[in-house]
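What follows is a set of structures to go through.
After this come two complexes, each holding chain A, first together with chain B and then together with chain C.
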Partner chain A sequence: MLNSDSVYERLNRIFRDVLDDDAIVLRAETTAADVEGWDSMANVQLMLGVEQEFGVHLSAGQMQALHNVGDLVTAIVRRAA
Partner chain B sequence: MISNLFETLAWLPRPPAEFKQRLGEAMAFDAPGPALRALATHALDAANLRRLSAAVAQLAARGISLAPLAPFRLGVLGNGTLDLIVPALVGSALRHGVALECVTVPYGLYPREILDPQSAINRAGCDAVLLALDARALPLQAADASPAQALDMIDSFRDNLRRHGGTTCIVQTLASFPEALFGSADRRIAGAPRHLVDAFNRDLVARLEGSPDILFDVAGLAETVGLARWHCPAQWNVAKLPFADACVPLYADHVGRLLGAMRGKSRRCLVLDLDNTVWGGVIGDDGLEGIEIAEGHAVGEAFRAVQRLALDLRGRGIVLAVSSKNDDAVARRAFRDHPEMLLRENHLAVFQANWNDKASNIKAIAEELSLGLDSFVFLDDNPVERGIVRQILPEVAVPELPDDPAYYARTLAAAGYFESLAFSEEDRRRADFYQRNAERVALKQSAGDLGAYYASLGMEIHFAPFDAVGRARIVQLINKSNQFNLTTRRYSEAEVAALEEDREAFTLQVRLTDVFGDNGMISVVICRTAGSGTWVIDTWLMSCRVLGRSVEQMVLRELVLAARRRGIDRLVGRYIPSGRNAMVADHYAALGFSRDGDAWVLDVASPEPAPTMKIVRSPAFDGPLEGLPLEARPLENQATAA
Partner chain C sequence: MLPENLPSDGRLRFDHLGVLVPDLAHGRRLLSSVLGVSCWTVEFEDPVNDVFVQFGRCPGGMCYETVAPRSALSPVRNALKRRVNIFNHVAYRVASLAEQAAWLRAAGFGAIADPTPAVAYDNHPIQFFANADGLLVELIEAPQHRHVYNTEVPSVGVFSFGGLDVEQRQRL
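Right after this comes the complex of A and B.
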């Protein structure tokens, strides 16, 4: 079982890598609007990074249902369990 | 991992941990081209390729030349999302000697861009346009579809780009989809998806005949990776990625090869190591009969595959050479006398078998053949040799090799160093043109600073007296080593076991570790007390694999320190020629011993060699000292850092 602290830590790394911004710190309520450069193409890269890092696959429907980083973390923890 | 050798670009070394920092440093150089190319020559993921691409764009904006990399402007058109692919193309092109600038158009607009004479792509002055189209872009879906219609479309694109943009096209074959309709009959039934794609690919090749346009065999690439891995329906649906993101670095590397080939950057000479690369085993120790190269033998066939690939490459014009740490006559014997060898001396332009470092040898080969170092590929199973050549001659391509020799040939071929756009009669004869019949060339000078390289290896040398744990390996080395072996005295297991308890003997088993791992036991020494204050070095041998890394100096240092502790005044060594150990004829002279008749003598009061690596000494040395007076015992178990 993944713990959500470590998921945040790994997500921070993915986001920093993709958006090339080492200052990013994600919180549950963070949305695309809060992070500079998080556009639709970056979103694709972020999701690819998540799949690779956690070995989980999120379907298009599951991705659409995500509203913020907290939803993403919940989805990752559930899928990886 | 062997199963994804291709997607992981397994022939390239992993990137350094400080990649970002090194890129930042390279950006500040006056001529950053070579440093960028060196950084690109790692197995890079999407993020690092993007960083390189951003660096190239920044340097271009500042007007800084990337020479000697060849500038290239490539239009990239496709029916899928190219945002992930374009940065990877730029980063990967560096690896192939090309400073790439990409011209793209907004998603979905490529047909208009091609057909409009005034479009951005047609006015951009592209050196080539990559038509990154897959089956979804072409009229191949309907049950009554015909490949001719799709091919006419491609012809019209090529024609327009040539007329309006004055450019060459790079045209892709189509990767079939894994979804079959009938099953096996998909290849037979006209109109079935696989039948259509097969027909398209075959006819596309025919239509390119006589045209300057270039074929990019994406179908072959996708089959190599596996169609199920290549096509990812989820990624197509979500982001219109034309193929799985995991395959982007590989795809981009293949485009880089084609661009490099267009700019004359493909490699032209393959330099081969011999022991454990071209045959299994060490010929100097195992003998002509001991090397593994036989057909029908699992180990032998792995090495035969390397030889066969080298011969096939020679057949298409690649020059072959040898650089091996070996005795020249011993190494040549395999090529002359071993019935199972496929490679023979007359296939080789230069034959460098000596004990010098390989960077110097490759440099000498390049000068002799008048080929640039960037024409060279060097194949060697030993990571230390690979590291030396990469560090000192960064222009030379040096593939990583997996542990299992069965994959050597595949890895070399997968690297695509010899990408060629066409094949002519002239190519066929090129290897003969360079042929110098296994000539040996003189070294002019050492190619670079080996000391700094060895210092970077983090070497740790471990000394212990003979013991039961090491016994089997000690016996093996004593009875097998021929080349770096001063006296070639063979001892049975019982004799070696007796030495463990022999108070009149001083023994050393030596291990070496470095950043690449544990080299295992690499040296064995036996000294016997002879008269008062003298140790006669009965046996001194070393594995040639660690030659040139000052292991023998560290062993001497250990002998001198141990001798002093035990009240010994002098070391006496002998070189007994065996016909196979000529390489150590000057061993004692080089270590500062003085000649005394047929022996060599060293006064242990003379200063010991300075440590050049970390030294770890087994506490077991203290055991046999118990009977000695206190002042003769070691004060401490010194461990000295280099």
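Right after this comes the complex of A and C.
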């Protein structure tokens, strides 16, 4: 079972790689508006990274329903369980 | 040789190359002067996708779609602000969006959002997909659609936009 800390650590790596910004530190309340370059195109690339890293697929509708990184972490932990 | 699973019976029909512009008048000036686009459709306001779009065709037959933000929340505003992905997407008409979407997903693409109706295609559904390399593809479920070009705009070489006043520019 994944734990949230390890998910955040791995998500940070994905976000830094996709958005080319080593300063990114994700928190539960982080939203797309808080991260430079996190637009709809980047969102798909992030989700493809999540799918590759965690083996978890999120549809476009499911992605749009996520409000912040905390929701994403919860979805990953639930689906990977 | 076609990659495995690529539809080979013409189901993917090229429709346009999408280009981001700050506004449609700017797009007409740019594409007319740089790419020789001389025929234009009417402008479309698309509240669902929060953009203004217009289609232009150059004498060689290439079709461009200029895409301008409709509001501060428009999905194209960020790319315009950052001046990235200006040559934004390639679009194809398909008979079955679901079928071709499945093929794109198998090829490593993810859907940006669920299908939405597009005013410029008589409210037939469109959907955007991107892959890890940043390639953006639009599918349009309107296989028989044809753009109606009704505005002739002389390209540079016929006259220079630099000599036009604001009112003349706005009429183009």
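Convention: the second predicted complex is superposed on the first by the 81 of 81 C-alpha atoms of A that agree within 3 Å, B and C clash if a C-alpha of one lies under 4 Å from a C-alpha of the other, contacts with A are read in each partner's own complex, and residues count from 1 in each chain.
Following the convention adopted for this analysis, a contact is a pair of C-beta atoms (placed from the backbone, for glycine too) under 8 Å apart; a residue touches a chain by one contact, two chains touch by 3 or more.
Owing to the predicted nature of the structure, the values given are computational and were not obtained by experimental measurement.
Chemist: For A:Gly61, select first, second, both or neither according to whether it touches chain B, chain C, the two together, or no partner.
Modeler: A:Gly61 sits against chain C, while chain B stays out of touch.
Chemist: When the two structures are overlaid on chain A, which partner does A:Met47 contact: first (chain B), second (chain C), both, or neither?
Modeler: both
Chemist: Looking at the overlay, what does A:Asp17 touch: chain B (first), chain C (second), both, or neither?
Modeler: After superposition on chain A, A:Asp17 lies in contact with chain B alone.
Chemist: Could you look at A:Asp5 and tell me whether it touches chain B, chain C, both or neither (first, second, both, neither)?
Modeler: After superposition on chain A, A:Asp5 lies in contact with neither partner.
Chemist: Could you pull out which residues of chain A sit against chain B in one structure and against chain C in the other?
Modeler: Of chain A, residues 41, 44-45, 47-48, 59-60 contact chain B in one complex and chain C in the other.
Chemist: In the complex formed with chain A, which residues of chain B make contact?
Modeler: For this pair, the touching residues of chain B are 46-47, 50-51, 54, 81, 83-84, 234-235, 237-239, 241, 245-246.
Chemist: Within their complex, state which residues of chain C touch chain A.
Modeler: 75, 78-79, 82, 85, 108-114, 128-132, 134, 136
Chemist: Along chain A, where are the residues that touch chain C in the complex?
Modeler: Per the stated touch rule, the residues are 37, 39-41, 43-45, 47-49, 51, 59-61, 64.
Chemist: Flag every residue of chain A that touches chain B in the complex, lowest number first.
Modeler: The touching residues are 17-18, 20, 41, 44-45, 47-48, 52, 57, 59-60, 63.
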